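Input: a single structure, listed below in structure tokens.
Each chain gets a letter, A, B, C and D, in the order it is written, and its residues are counted from 1.
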């Protein structure tokens, strides 16, 4: 958990830095195609981050909630998360 | 173009602020599901931004390049962009 | 479950029919853009179908597996499904 | 073009066969997770097909339209296609 939190925080800082770079590119009127290449990279980095957080959620919070009789609640949340992710 | 650049810069600032908020949530050990809801919102905001930049590219740089005899070049770029966006 | 199975089967038949129509369009050299509009519609129909099957899985098989002491197994499957869906 | 049309038709037949197999799985009440693995595979096959058709469109119809003074028209179509693909 500890190692994972550090990893997630590092990834978030990296993404923020990347976005600042993109803002600079837009500000300096860089070529749209080069800007889009960077936004795609940011999007992939966020998707990777989400995969890490979701996997952690499934392996820690979900079993814990089930043990404590809150299975239905976490399952409803998963249904909702999936539809959020898919409707993006 | 001017109005559009201002819009894109405003959206980028907003996304950076949103990410900072997510970093705070991770730092304070907020519930994973609440964090994921926020990362999905960020991802959608980036996708919206990309749509705006691409539409602008198609309406301005592409016709300009075609007029200047660089049709093949911009078309190769579009093929490449599409495969980048799809393979994310 | 019964009503849901009927719905899923009906959706699958519809998608197959739609694809046959697309094959006909390709065969008759219809305009690429019109063909792509149809393939996007098919893709959306498949995504809707997946959402229905996943929601059903989360509401029926998952709680059942948990009750029968197979929580870890279904959770590993969900992690795997998510990465399959995301890496598409 | 000829070779490409044959390839696209072959892929469409393959996808239809795959879907028929999925319908059989649903009909025989196979495990949801196994069904979802197959629908993801179909979705990836359709995305691959779309990439082939779009690349062909960009390399053939688009330059042809530009030569014939219909640049604006094909560009409007590309903007529309992109938003269709992204909003799925």
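By definition in this document, a contact is a pair of C-beta atoms (placed from the backbone, for glycine too) under 8 Å apart; a residue touches a chain by one contact, two chains touch by 3 or more.
What you see is a predicted model, and the numbers here were worked out from it, not measured in a lab.
Chain centres here are C-alpha means, and the one lying farthest from chain C is B.
Put simply, the C-alpha centre of chain B and that of chain D have 24 angstrom between them.
Rounded to a whole number, the gap between the C-alpha centres of chain A and chain B is 15 angstrom.
With centres defined as mean CA coordinates, chain C is found 28 Å away from chain B.
For chain B, the set of residues that touch two or more other chains comprises 47, 50, 54.
If you draw each protein chain as a dot and join the dots that touch, you get one closed loop, with every dot joined to exactly two others.
Across the complex, chain A meets chain B through its residues 5, 8-9, 12-13, 15-16, 19-20, 22-23, 26-27, 29, 31-33, 35-37, 39-40, 42-44, 46-47, 49-50, 53-54, 56-57, 61, 77, 81, 84-85, 88. Only residues 47, 50-51, 54-55, 58-59, 62-63, 66, 71-72, 75, 78-79, 82-83, 86 of chain B touch chain D when the two sit together in their complex.
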